[in-house]
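Across the two complexes that follow, subunit A remains constant while its partner is subunit B and subsequently subunit C.
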Partner chain A sequence: MIVSSQLPFAPLVLDASGVRHLYVRDEAACPLPEGCGAATPEVWTVVSDATAMADTGEGEVLLRSATALLERLAGRLARERVGLRLYAAGGASFLARVAIVADAAGLGTGEVQFAPPRDVARRVVCVHCDTLNEGVAADTVRCLGCGTTLFVREHYSRGLGAYMGVGEPEILLQAMEAAARHG
Partner chain B sequence: MTVQTSARESYRPPYQVTNSAETIMRFPFPFPEDIYMYSMNVEPHIRSGPVAAMRNTFDIDEHYVAECAEKARILQEDPKRCIVLPHMREAEWDFVELAMTTLSDQYPQHFSLRREGLDWHWVNRLLGYEQSFVFGDAGTLPLPPFEYMARQMQGDFTLHDQREDDLWMDGGMVTAQADWSLKFDLGMSFRQWHAPVPKAAEMGVFDRGLRFLLMLQHEKPVRRLNWTMTINPRLDTSPENFMVWGADRASVTPENVADKVHLRVELQTLYRLPRSNAILFSIRCYLMPVRDIMRVGKWRKRLHRVLRDLDPALSSYKGLDLYRQTVVDFLAPYDDGAPLSNGIQPDAEQPENVLAPAA
Partner chain C sequence: MVERSGYPAVIASVDVLTPTLRKFVLVAQGGRFPAVSAGSHVVLGFGDEARRYKNAYSVVSATPDGRELSVIVRRAPQSRGGSVFLHDKAQDGTPITVLSSANLFPVVKKARRHLLLSAGVGITPFLAHARALETAGADYTLHHFCRPEEKPAFEALLASLPPARIFIHDRPPEDVGMKQRMAEENIATHLYFCGPEGFMNWVEQTAAQIGFAAAKVHSEHFFVPEGGQPFTVVLAGSGQTIEVAGDETLLEALENAGVDAPCMCRGGACGACALEVLDGVPEHRDHVLTEQEKTEGRTILTCVSRARTDTLTLNL
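Then we have the complex of A and B:
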């Protein structure tokens, strides 16, 4: 059994128990949930383009940025009633932010699905100074807030939408290196 | 238990903490056997037990005043060590009631509580507090109810809402933790906040632990011991301040090991709260230097065996790797390999003097 505090990622499958379906993604390349056809989800896609207009008729809704999509999602979820199923696909950071919006709106565990992230760029919060570091692909990152080299712990907070980053004092790093060398 | 009424002790540099013979003998030594592995080690928290520290609902000892002072200082430096989510208001009052009634009942010389309906009057003679308030009316206390009371107790406390067959980290005051962060774990479920722990999930410890706690009943508290090691008598071994204290782990030498290295034991007690149906988790931390553990024959031998044979995954998770061997080498000459009795109780009435006193 793999135990982790990270989001419950799984391939998206349309949930027949839902009445309405909303699919959000941070890139058009993300495939539709499996089972689309029986029911068609509404699709919102980030296009990263300042000329995109969100309300052009039917079909796909195009949003200028992830932030724009998430703001719109928060407004939408505030007006929703039971029966909505939310599906999200994209990068790890985008999915983390979707989870925060969905949790704030009170969506339950069975009402949201997260596709396995299409990149490994995680959000890392500095436990020393609370600064959120975006897009961290490596196991370490220099904190934007306090300059500490943070080591990313395998501990994810759904509430913060981030992994925990903790520094290592220089003396400790050297001692551990020396211990590893001498076996 | 004698309580010092002024705080001469210091839980940060320059460190100054000493344990009386009584404090040593009442220490909840965490190893009932020569080998240690995670297990579902939960038992009823009744008012008896193998050592005196386990015989009160909330244990007060000679370090009370100094620990409360250190807690106040940490909260001043970092207010995020105390967070309670708004839906836990009722649990806050449950906690105030449990703490005030049991403390005044079990330590009448230090605390008293007078109740006339909802008009309560609380006296804490150790810290010199006296407070009249209306139970259930937060405006009549100088601080939010949970914070007001948790500041007057040794150890850390967390509050857990129960919903969706799970427990949630929905509040707490955490200033003396073994490397975990309340502000980070806030809002997590039981399995989520335990995610960094190696092995225990695979062993089924968390599944069984959670199932057990979901059925915990009012007035039937339970307890377990957990342990790690800490360099120097430092209560605040938080990840928040790891850059401040982490380097201490590289400071242990054969010469200073007896005084620097502390066995850090958490007496964890759990209570179902009556109105809110929440669970209170109390983490009472005891720090005992190797020098003092040496003074009980059974404990020094058993500590040697447990550390020598400790699972590498646990050693690494607990952060012992840089100095564990130094401790084992120090203890080895004092372990004759004789069989030891099961259980944690000491094998003598009084501590003996094995090492020359610290310089």
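Then we have the complex of A and C:
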């Protein structure tokens, strides 16, 4: 059996066992969870618009950036009572960051749902220099930190919210070549 | 009958907490007990020539050297006699065997906060939990529910814990605003509960109403298997026929007949003793099988469940 280290992505369905529902998304194009109507979730949406005003309407919050949304989410979850269900939709990187905030607040299995990501761009952490490389769509990436060509492994760290990128750093190649030369 | 295996011990002291609650301290003879942790239970073997008992009890405390542990037992006259034996016959020096131990009710170490709810003798696992949480510096609150006349005994039992974390109520949970208190818990809180059936049902329903996620709800049904109508069990493998008396469990009848039947908790909580039913209708009394499995009637937990029919055929 292959154990997936990915976030448990699945289409969002309103969970009737919750008593309050919060839906966060990084784009207004993300659809509401299935089953909305029986209960209406509070919806927080990232809009790339500097004129966006928070708290414009009933249960509808607009935020100017994903970072602003995540900061607001961390503050909300720290005060939140038992019974909340959190739903997240958007890009892979956004979902990874929502998971970090939710885990830090002590939310557990059954309290958070993640929609399948809307893009294939992944965050990749360089295992050699710890640099986080954003928006990696290919299987390899040249690390922004150390310049090593990283192969993106199917190994996701929920704590870092990133996939492992592994390569052969220049310094290691040089050492191996030197060792080969000198026997 | 001598127990085939286990850790021999004697009762070192008997402490009368209330007319129906006694604390027994067990000291290992020539060795150490198996390792236990907060929430562990032990299966104890004891009795006399007339009758042997095997009952599971929560370990309320254990010394780090593994030579001493204690349990609290409520005298349950309607049960099959184990607790009555311990109350009436056990004294300092009475031999007793620790047959096995397991922890089916551990503290969730990564939880941010713990809310412990108990009623009556359901306090026993939480005596160990609270001490472990206290030692770890964890955030927890214990609410205990009991009859007014037993309140002083529980106050004495819990006296070593900080008063700010311990609440002892002599009224039912619904009368002291427990639902509201539960609803005010932070989203990170894990809920644990243990007590008699009515209390368990109340907490389970209330937790569901206020939206506790199932993964954060932990419970232990400590209930004592009760007797019922006698019936006959047929083992399909060996063709053996065994009579189950009204005051013994199916598991005990199998064991007394020398059948090596699986078991662990002996209280319908773990599912280790499940056997396949080939014929007859089981009377399910466990907390493991789903409603669907109970309706299908293909599986029986021998430690608590009995038969609705005169005969039950098992795939053993």
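One rule holds for everything that comes next: the second predicted complex is superposed on the first by the 163 of 183 C-alpha atoms of A that agree within 3 Å, B and C clash if a C-alpha of one lies under 4 Å from a C-alpha of the other, contacts with A are read in each partner's own complex, and residues count from 1 in each chain.
By definition in this document, a residue touches a chain if its C-beta (ideal position, glycine included) is under 8 Å from a C-beta of that chain, and two chains touch if they have at least 3 such contacts.
Bear in mind that the values here come from a model prediction, so they are computed numbers and not experimental data.
Of the two partner chains, subunit B is the only one touched by A:His128; subunit C is not. In the superposition on chain A, contact is made by A:Thr109 with both subunit B and subunit C.
When the two complexes are overlaid on their common chain A, residue A:Ala38 makes contact with neither subunit B nor subunit C. In the superposed pair of complexes, A:His155 makes contact with subunit B only, with no contact to subunit C. In the overlay built on the shared chain, the residue A:Met164 is in contact with subunit B alone; subunit C does not reach it. Of the two partner chains, subunit C is the only one that A:Leu84 touches; subunit B does not reach it. Note on subunit A: of its two partners subunit C and subunit B, the one contacting more of its residues is B. Contact with subunit B, but none with subunit C, is seen for A:Ser5 once the two complexes are overlaid on the shared chain.
In the superposition on chain A, the residues of subunit A contacted by subunit B and by subunit C overlap at 109. Subunit C makes touch with subunit A in their complex at residues 111-113, 182-189, 208-216. Taken together, the subunit A residues at the contact with subunit C in this complex read 17-20, 77, 80-85, 105-111.
Those residues of subunit A that touch subunit B in the shared complex are 1, 3-5, 109, 125, 127-128, 130, 148, 153-160, 164, 166-172, 174-176, 179. Residues 164, 181, 183-188, 191-196, 201-202, 206, 239-243, 246-247, 249-250, 321-322 of subunit B touch subunit A in their complex.
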